[in-house]
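One chain, subunit A, links the two complexes that follow: it is found with subunit B in the first and with subunit C in the second.
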Partner chain A sequence: MNRKIILLMVLILALLFPEGCWSRREINELAIVLGAGLDRTADNKVQLTLQLARPSAFSGGGENAGGEAPRQNNSWVVTGTGDTVLDAENNLALKVSRHIYWSHSIIIVYGESMARGGVRDVSNFFMRNPQPRETSWIFVTEGEAKNVLESHSELEKTSAQSIAFLARNQPGYSIMLEDFQQNLTSPGTNPAAPRIQLLKLGQPQGVGMEERLRHEEVGITGTGIFKDDKLVGWLDMSETRGLLWLHGKVKEGAIIVPSPGQPDKKISLAISRDKIKVNPEYDGETVKFNVNIEFDMELLEQQSNEDLTQPEKIKEIERLAAEEVLEQCNSALAKAQGDYGTDIFGFGEAFHRKYKTEWKKVKGHWNDEFQKARVDIAVEPHLRLTGMLHRRASLKR
Partner chain B sequence: MLEDGRISSRQATFLMSTMIIATVVLFVPSITAKYARQDAWLSIIAAILAGLLIARLATTLGLRYPDKSIFEYPEDILGKWPGKLVGLLYVCWFLHLNAEVIREYGSFMVTAFMPETPIIVFILVVVSIAAYATINGLEVFSRANEIFLPLIVGSVIILFILALGQMNFHMLLPMFDAEPEDVLKGAIAPEGWFGEVAVITVLIPYLNKPREAHRVGALAVLTCGGLLLLDAVGIIALFGPNLVEAWLITTLNGARMIIVASFIERLEAVIMIIWVTGGLIKITVFYWAAALGSAQLLKLKDYRPLVVPIGTVLVSLSTLLHPNISDLLQFLTSVWPPYAIIVFEAGLPLLLLTVSLARGIRGARV
Partner chain C sequence: MRRVTRHIKGGCRNKAKIPPGSSNKDSSAELDESLLLTENLTTNLFRIKQFLIDCSDIVYREFLFAQREDIRLVMIYTDGLADKSQLSDQIMRALSLELPLSAPQADITRSGAYHLIKERGVCVHQIKETNRLDEIIEAILSGDTVLLVEGNSTAIINGARGWESRSISEPDTEVIVRGPREAFVENLSTNTAMLRRKLKSHLLKIEALRLGRISKTDVVIIYIKGVANEKLVTEVKRRLRKIDLDGILGSGYIEELIEDNPWSPFPQINHTERPDRMAARLLEGRVGIMVDGTPFALTVPNVFIEYLQAPEDYYERFYFATGVRIIRFAALVLSLTAPSLYVAIITFHQEMLPTPLLLSIAAQRESVPYPAIFEVLFMELSFEILREAGIRLPRQIGQAVSIVGALIIGEAAVRAGLVASATVIVVAITGISSFVFFYSASIAIRMLRFPIMMASAALGLFGLISSIIVLVLHLCSLRSFGIPYLSPVAPISVGDMKDVVLRVPWWAMYNRPRLIGWKNPRRLGPEQKPDFPEVKNRGGAGDA
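For the complex of A and B:
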């Protein structure tokens, strides 16, 4: 009997001290951060913009639940300024009734002012603090990051989610915080991040749809390239393709080339399974890179009338595709290597892998060395498939 | 005898393995990567080899006196008072080691999961549970550990497989880039942890087949070495040597990187499971060793009355040892491994074995 009473007392005592009580977070006391934007103000302070989820917008019901109910903002965008990111967050928190919670933040947007001045100072916060995730997607934008976060999305609940999903589908060059930091710490490569911009999109779809006026939606329009931690320039979409090729990261997409027999008509080729080999050569003076890109294609569209299934036509298509890819690579190289002298392709790492001892001499000034390097690119496309047709279906016979 | 429990060779192997894995995956990969960079795996292999030697040394010494522990046979070897001194040193070492582990345990929970909770809460809770386990004796926590270890090993392997998608094995190239002396420097820290297998000198009298002690020691080092190798290769492939070196608890960040099909993510809780179960067993083993050792030195009839006082010492020591986490890390990086290896893991056992061989004395045969 006595033992039972003591046991009961112990159990009751245990209830008084559940370990988790201190750091508990009730969901209705949290302001959940979806995305963060960082700008540098004119007086050299950090301006932090947070997109916070409005819980009511996320709770139950479909997009159109309630029928005619007026559309509401799904998120709330707040801005704060300070000397450091945390200082800015604390100043921002003065306007937010709930505890700011970073664990669900999925994007970090650097405004141009911040990116040009260097992102190393502010990125530390996101690595050191246990709440933000290493898997957040990184972006740069022309102008202010604040404006980007203030937009909304037609398809997703919030623009932060829309931007993150864009990055995940990788139409352009996507990069996570962890990879970005890794590129910053490595002397053999420089980071790059997708450029996002506000684009005028969408038309009212007929009468009575006036409330859905044209609005600005965020889209990926290229890539911002960095030298060390500072943004130095932009690649457009075609040059971004070149960057993706040179990273071996072309997951999908198409190449458009003229039809071999009828150059005014075009054909579309879908890409799959790209492989890249970077083979550096070093004679003690100059560095040379032999780059070999190999990929498979599928013929998915043909405007011309000719029969493309003959072997010599296929050879010709492969040659034209190789030319197109080569041009994309060279345009990306010309910008990064020629104009800005920054190795965003990780060629330095390839060099390090092959020349361990020589690397120690060049790694301190790798970007200069890279600027002088020769890059020879060989492209080997293989047209493997022709879609569901083997010849044109709409021709009169 | 003070401890009536007897454990099988398998239970002993499991116990040693859990004990080492629990803390080795926390700070060691980043300490090793600091010196050996992407060649950290080389350092770890070197550490495994040295760990096997230390295990062999400990078991060879222990098996000369199969019915006595390291707190008792130094008296036979060195004479009464010098022997007692050696035993006392070992008790102190187990206390100190345990206090460090408890501090690591608390720091990890506070840094990674519950930053607003005072560290003393975690320390008190874990020491209370460990005290309870110690009072119940060797057999009880050995059996509990038979459930924990498969859980821990399974979690590490599953996490590795899930993270494969994010890994880039180019990060491990170029191989043999680090200078040989840096590879060796990188090996010191994991070696310090593998060397904790020396605690087998306390366990040998309680094995039901002491003759298998050699195998127990070797298997434990190989299990932990294998897992640490997997862990280190995995996180270097994830982050590259530069980031691995910068993270405080790299394995945790590795688990945070896992995103499979957009819904298997945020798996750091699994790391917490590994750490809490493994950490508890480790703390219990050294707690038990210290309590048993004190009782054997003082020729008491029971070690249980010592459990609470020792717990008090552990709690206060773990709070007083380091003013902050940088100090803890600095200590674990540069002071602890050489100190532990030279004095307790290799030095004293080697001295005892040499003297014992030279004097040609040995204990009862089993």
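For the complex of A and C:
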């Protein structure tokens, strides 16, 4: 028995030592990447910008809290250049004393130079490398990605976190790395990514506070649309709404329409649930899409003083809301389909699902086909809640 | 006679080698010659005294039977073990003073006197006669009083025992809020009486045994006939009889000598100091072993799940009991794996943490000079040292230690940058969880935590999972008196699931544990679910 146990111990020890602790990395030996930015330099090289967390700035809730200005930077932004992303990373690593650790990188920002030239040859690095998350949010920015990463946030600890949380709340069109790559892969759709910009935000609140606000914060200002892997143009926020409607991704938000009886006054409608059906039709020559958007609304705000709970008023509000949504969709469609000829709505996928054999013929030149396609949009809003309890305060006495 | 003296020379020190344990191994011829009483009182007394030489706690009291000079009596007892008031009232006063008043005694012979003493004189409840020296010695040392009568080769053993013992108090190790508040004491007869009071049935059998070459400890095997499996009872007896140790000072001695897997860190025999818990286990078909001199009674067979059941589960409402059991299971997992999981994640799998948490831990670890495993080991060791100190130290110093412990571990180590505060939280939660379930199982779990920690520090989650697998395999291989240690979970027994994570109400627990109580599976009568429609329809019991 004793001999057996000793033998077992020796075996276990023998297993442990050659195995070693080769993949062991203490947390304080890591340079935690929070955000990555990619730019194309003038000499056609890849410029990688990393926002690295400075853990010592994150200690507890104690020291930095209480409205006091941070005494040190929360992050450190480093840049490296190389022929490929990995080459750039290696060059960058020469300046960083710790292992570069990608697993917590939550945003990837493409600078305009990179996005216009095509992102396919750099974005696959983030999929092949096991460390970066496929759930990183993708952005494009006018100008250099480096500038965006160098900014800082008033609310969050770092600008990378601030941008990622912004994307998570989906005020515009947000997309993750995995979906972006999927859109790149599929011939039936083209990717789009939110546009971020540095904006001058906030007002100093007292003497001596100007210093803190002498910077610009990152905000979402629209959507960058791609044709294949190249950035071709921008959508503003209203057109972005149209893109969201056609993707069935609206989820929440509001529509502002004129009040039926008093067109100079406005009413606000909150969207609570939306559903989209895309039904392609193909006669061998032209492609036609019948898009049906159905959503629920509730009346949230009323400037007029008429009684909107009347059935005919409700009908009228629904008509006005439908017009508004239709307009948003059409503006997005006009830009993507008309100006740039790129299908960022995934209509090609819907076509593929319905016409499998015909798809083979058109998939090689789908964007051209899409440009010629007719899109009929039917909008069917339902005003569910008109505020029976609170309407009295709005009515004329 | 010479042989006897040779034996006697061994005296008290070598007592164990001579009678009575070895007596049945000697040939009867030798036994007759050396170990029987003679009719001569002086000789008998001399021989007893030779046995008990240098035993200063033995008292020899000579007095006269009914004031007759020719019939001398000698009373021998151990100081402190015999009830002295009973001796002086019921034996000495009765024989020397009261008997002469009530009975004719002038013409009585010595043997007549003996019978008179036995039948009328001695007012003690239990008496026994013997003519063997070894039995006399054992009786004296067990607390009985031996009465030798001049001219008789038989002695009377009076069971007038009485010694100082602790009174019944509340259990210290198994505290509950609702339920009986009594615990076993060191005195075996008090303990069996407590059990008998709970189970007033002729089926409750209490079989006595003596173990220990020198200690001669009384041990009893307790079971309910018809409920406990006879084979199990026989097996328990067989294993107990095999024990040949000089002293049995606690039930832990026996536990280690009769368990199935002596090398396992897990206890395979359960112990309790609560009579109600013991009774409940006996009712399930288990067999109990009680040892004189310790308040902890053993029960076999034992399954692992028992450590996660508390007596209170059965006294409180079943919803609450089930909820608390889930907490206990969680505590078990936490106390075994929390530090290893922590080490594995922060040294190998940082991607598993949410980003803000990772940053916060990274900030705490920024000034820590050692790898996480050393940090955790250091904290775990400090905790174990504090815990051990808390048990061992005199009560008056307790506060000082807890203050130092709290300051050193909680505050100073973090401030000095020796450990991260997350580590303190992990170690604290581990330490507290390990006290949630039964103490002796928690010892095993606490010990096994360390190798698992090392494995996860070397191999990450892979090491953690591998060591858990090894542990589960080991647990699956264990048996307690033939019953799989992980039953009723593995092998699964669906009916017994009513008392594992869930504790179903009493009216639904029809059967005894399948593997243990199969002899007499049913413990509940039919239609026990409370349902009184006649009262409900009338709208209350009040107007009945």
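Please note the rule applied: the second predicted complex is superposed on the first by the 361 of 397 C-alpha atoms of A that agree within 3 Å, B and C clash if a C-alpha of one lies under 4 Å from a C-alpha of the other, contacts with A are read in each partner's own complex, and residues count from 1 in each chain.
As a working rule, contacts are C-beta pairs under 8 Å (C-beta built on N, C-alpha and C of every residue); 3 or more make two chains touch, one makes a residue touch a chain.
Given the structure is predicted, the values throughout are model-derived calculations rather than measurements.
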item	value
Combined model on subunit A where subunit B meets subunit C, clash or fit	fit
A:Lys266 touches, of subunit B and subunit C: first, second, both or neither?	neither
Following superposition on chain A: angle at subunit A, subunit B versus subunit C, Cα, nearest 10°	50
Partner chain in contact with A:Leu34 - subunit B first, subunit C second, else both or neither	second
Touching partner for A:Glu26 - first (subunit B), second (subunit C), both, neither	second
Subunit C versus subunit B, contacts on subunit A by residue	C
Contacts of A:Phe58 with subunit B and subunit C, given as first, second, both or neither	second
Contacts of A:Lys313 with subunit B and subunit C, given as first, second, both or neither	neither
First, second, both or neither for A:Ile106, with subunit B first and subunit C second	second
Overlay on chain A, subunit C to subunit B nearest C-alpha distance, Å	5
Residues on subunit A lying within both footprints (that of subunit B and that of subunit C)	19-20, 23, 103, 133
Residues of subunit A touching subunit B in the complex	17, 19-20, 22-23, 103, 127, 130, 133-135, 168, 178, 181-182, 185-186, 349, 352-354, 356
Of subunit C, residues touching subunit A in the complex	263, 346-348, 350-351, 355-356, 358-366, 368, 371-372, 457-460
Subunit A to subunit C touching residues, read off their complex	1, 5, 16, 19-21, 23-28, 30, 32, 34, 53, 55-60, 101, 103-104, 106, 131, 133, 157, 161
Residues of subunit B that touch subunit A when the two form their complex	111-118, 121-122, 125, 170, 173-174, 176-177, 238-240, 242-243, 246, 253, 256-257, 259, 262, 265-266
